[in-house]
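You will see chain A twice below: alongside chain B first, and alongside chain C after that.
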Partner chain A sequence: MSAPVLECDRVTRLFRVKRGLFETPATLRAVDDVSFSVQEGEVLAIVGESGCGKTTLARMLLGLLPPSGGSIRFAGRPMRQVGRSEIAARVQPVFQDPYSSLNPRKTLGQIVGLPLAVHRIGGEPERRSRVAEILELVGLPAHLVHAYPNQLSGGQRQRVAIARALAIQPRIVVFDEPTSALDVSVQAQILNLLLELRQSLNLTYVFISHDLAVVEHIADRVAVMYLGRLVELGGTAAIFDSPRHPYTETLLRSILTPDPSLGLPPGPFGGDFPDPLDPPPGCRFHPRCPSAMEACRAVPPAAVTDTAGRVECHLYNGESHGR
Partner chain B sequence: MIADSVLRVRDLSVEIALPSGTLHAVSNVDLEAMRGETLAIVGESGCGKTMTALAAMRLLPRRARLAAREISLSGTDLRALSDKAFSAIRGNRMSMIFQDPMTSLNPVYPIGDQLEEIHMRHRRAGRRRARERAEYLLDRVGIVNPRARLGQFPHQLSGGLRQRVMIAMALMCDPALIVADEPTTALDVTVQAQVLRLLKDLQAEFNMALILISHDLGVVARIADRIAVMYAGRVVETGSSGQIFGAPTHPYTRGLIDCIPYPGKTARRTRLGSIPGIVPSMIGDSRGCMFRNRCGWAEDRCRTDGNAERRIEEGHSYRCIHPVGHLQGAAS
Partner chain C sequence: MTGGLFADEFRVDAPTPREVMRRRARRHLGFLTGTGFVLAVVLLAVFAPWVSPSDPFAQNLDARLLDPIWGKGGSWDHPLGTDSLGRDYLTRILFGARISLLIGFGAAVISGVVGSTVGIVGGYFGGRVDAVVMYLINVKLALPGILIALSLVSVFGGSLIALIAILGFLFWDRFAVVTRSVTQQVRGQEFVAAAEAVGASHTRIVVQEILPNVMSHIIVIASLEMAIAILVEAVLSFLGLGIQPPTPSWGLLISEGRSFMFFKPWLIALPGLALFFLVIAINLMGDGIRDITVPEGRGR
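And now, the complex of A and B:
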């Protein structure tokens, strides 16, 4: 059993949100009491629909946003004590949109070399050879070192973003929807690259996505978020073959595999996503849940942890509520 | 009538003059959408799928040049119509649903006004009749309490609701054809499944032709009766949903299907199939097969000879001299 490199202990993040000019600001619980750990060398996927808090969680893991409550530990040490620069050296991000995440006025060499310069790694010639090495690693031709982002395709830009993240040899890369802006043929190229890099560099990935087919393909473990709560966590096989939380089931049912004999999945999908500023009481999923019981409307379910993982649902809360 | 053809497009080409040369956005495309049938146009960004739809709707950008042997709607030659006559058809007998409902709804008018305007304009009906129709359709697209929603503005609705409003809007005049351009791409997965089901149900109920434009093979497989696969401005393969997914024949179609992770089929954490390289420039010379520089079977003949249409069986044809799959090696 390898050691956790990142540990979240009851992490909560609140935002004050102004709704109108004269209304009192409301509190948004973007991430609410979330605990999990990331093991060295694994790919942990975080899935959920828009507004579920997955990007806020990613920003906290990157040390870009402090939690409002709870704590995050990096390699056993509280994140607060580790310091911004050291976190950046160990945990690097790759964002969704390779068009807005690269500076259009810098060449690829400057973009990929910037982290090395910031962290004062090596001299000028060493940095140059390191940049060349990294570009080759992510499958970009060496002559592109003098190119600007606007001369590249979307897939090539995402390779640049990956190269920049890997330049200072981090242990963890946090990917926030890394392939959603890409075409399917390019998405496959990037996913193959990520799988290769993880093997050859022994990296740990936190992989945020709403695309469950992609997650199924790349992840070792999957965390499912709904309205700020971590509702289920488990191994990829367990989540996809025997999901426990009704929300996970709903998500899986909505995956459209390319099989023309299947037709559209049967409903219900339980209506729309509720207002995150005014989440339902009790279990946050109960208004959309096909198996909602009396208790779900009033009492938030406690997390049940067992060998298969962790699930936050009254159906699994033991004898007290049946099933 | 045996085959009730709604939209028929033959030999459609769209060119855009750019300072660096002529961009061949769409080249020699044939399409036919039948009543009660869903035709999906699938392809990656820049393949010309949206341009094809915009050409049929006469919504192309001004500098685009269009040429076609036929564009007809239920037998009416659309090419012959004046712009004014065309605008009496658009939104009426054929309507379009766009990807992003936030930018296609007017933010400063209540959605009720926007729905009613279409009906009043095309049907010369009074406001009361239009309001009844709007309320009926909002209810049909699954919006709870439609009367109250009519007074709301687009920003007060969620993305899924806005797309439902767009669908209701497209249905206001009971069209023969709906063109939906990536209608669920901006939506969450659970909402996507609901909106697709709604589109499919309404299509059957109103007996319309539906053209669905998508990059998502999963969506296409589940909803389409027939599929046209586009690459670099051309339809490279066309067939029934079963033919395209069961016996993909063009190397591009095959490559595209192999690219997508398929839960339960592709082994976890193994390499996915991928198509090497990137889409070629569509500026300048567009002779020969445009896929040849990414294709494992390409040879010299593909430069000149790759575009002739070949037929496998009824309804299934492709443009390639090196078909893959069950035809591999059998081609001349």
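And now, the complex of A and C:
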């Protein structure tokens, strides 16, 4: 096994949230003590409900937001020692909303050429041919360099966003829900494009999504987040076939089946999503957990790491391993 | 990936943003009227020495206070009559347009540069920088503009340059307020995060990503401020604190005509109307630009 291209070691991000003029600001633990590593060439999916800290984690991986604690390492080197432009050359983002991720006042040529201009790669003619090349690579004809984003459809725009991310040939691409703003038919095209690009360019993906069907299709490993904690991490097949954390189990049960006669899935969770500013003590999932025990209400579960992956749940702590 | 399957998908039919604007402009009556009038005034002002019938300073005491062409004894020698020193009134008004436009344009440019810089910096960097910017804006909003202008003009005198500078540094607050909030809005968009993730410098992000999206707002406010500066200049000149005689300025012409108000009302009415129509035309143009540059889907 080669060295991980990207490592998160106990990464934490806090936000101070002002509530009122005279109230003390609250602390939001958006990402709490998250550790994982990404191997060269793999697709790691990060899943979870809205507000679980996925996007904050993505912004930290991109170097847009410094972690409050812990460290992020690129091929063994701490991010803090890696310069801004070197981070950019290693890891690039593709965002969720292709309508807000492309500057409406710039042509596609300018948008895709921006990374080349920032990194001073090549002269004007070289850049132009490189931009045309990348557009072809993502399945867009080169004559679109003079088009503006408003002239394109959502799927085409997302291809442009992918082209921009690939322009400086990063090793890692962080996708923040890249298909959730697209029509289902277009989603499949984009996903296939992503898989093809990964093959041909030997890319590593961090794929953030709440769409489990998409994740099952594309990911090698899956990390499940709940309220800022990484509750389970494992191979895609293992996670989908035999989820261990009760949260993962419930999350998987909430997928709609293609067969309409089966009706809607059972009501997924007991209770509401808790207030992230005031998370429950002990295991953060215990108020909604079907198999909560006494310990869950008081003691935060320690992570259990074994051959199948990593899980943070009292069910797997110590002797009660088999359930 | 490419080829037959997507052949239709890549035909780009939608117009470019520029085409959309051009199309909207052609249908916008207010914009066309306002811009047409402003352009005409600009041309007349620029070519004033060639189009005006005589010299704006040439006095002819034998031909004082002649009526315009439609009045008693009007003649084509002086289509709009003469003033109390026998100077051709049409010429005076044409040359007055130069002063008004210079001051309006100069003040709008200075206040636009100052205000937009302050606003964009505050909106982009946020936090403490923004707190300082908000403080500056609030201080400026609390100052009585015209009174400050009056006192500054009485200190520094009423030269053209001084007036432009004073008015320019007095009217930047509206630029700052608007550009600040628009910048905050644009900053939250994902294309700014994408540029950051690419490693672009703050300067590049502000100039290439933010500014093009704030520019239409700046132009709209600039047109409003231009109209206001023209009016304030007229007020100052009317009060004797602005442009000094014998330079022709519309405010000064009105002031000079005041003593003959009841006998020769056109001495006041003509420069007043010129001022009125120019300001209306500039505002029509500004409103038009706002309508034309709204993003897709909003307004028609």
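The working rule: the second predicted complex is superposed on the first by the 317 of 323 C-alpha atoms of A that agree within 3 Å, B and C clash if a C-alpha of one lies under 4 Å from a C-alpha of the other, contacts with A are read in each partner's own complex, and residues count from 1 in each chain.
Everything below uses one rule, namely that a residue touches a chain if its C-beta (ideal position, glycine included) is under 8 Å from a C-beta of that chain, and two chains touch if they have at least 3 such contacts.
What you see is a predicted model; the values in this text were computed from it and never measured.
By the touch criterion defined above, A:Lys106 lies against chain C but remains apart from chain B after alignment on the C-alpha atoms of chain A. Touch criterion met: A:Ser153 reaches chain B and chain C at once.
Of the two partner chains placed by the overlay, only chain B lies in contact with A:Ile255; chain C stays clear of it.
Contact with chain B, but none with chain C, is seen for A:Glu49 once the two complexes are overlaid on the shared chain. When both complexes are overlaid on chain A, the residue A:Ser185 reaches chain B alone and has no touch with chain C. When the two structures are aligned on the shared chain, A:Phe95 is found in touch with chain C, with no touch to chain B. Chain A uses residues 153, 156 to touch chain B in one structure and chain C in the other.
Per the touch definition, chain C reaches chain A in the complex via residues 1-2, 6, 9-10, 12-17, 189-191, 193-201, 204, 208-209, 212-213, 295-296. Residues of chain A that touch chain C in their complex: 59, 62-64, 84-85, 87-89, 91-93, 95-97, 100-106, 111, 114-115, 118-119, 136, 139-141, 144, 147-148, 150-153, 156, 161, 164, 168, 193, 196. For chain B in complex with chain A, the touching residues are 44-45, 158, 160-161, 188-194, 196-197, 200, 215-224, 241-242, 244-246, 255-266, 268-276, 278-279. Put simply, chain A touches chain B in their complex at residues 49-50, 153, 155-156, 183-189, 191-192, 195, 210-214, 216-218, 220, 236-237, 240, 250-251, 253-265, 267, 269-270, 272-273.
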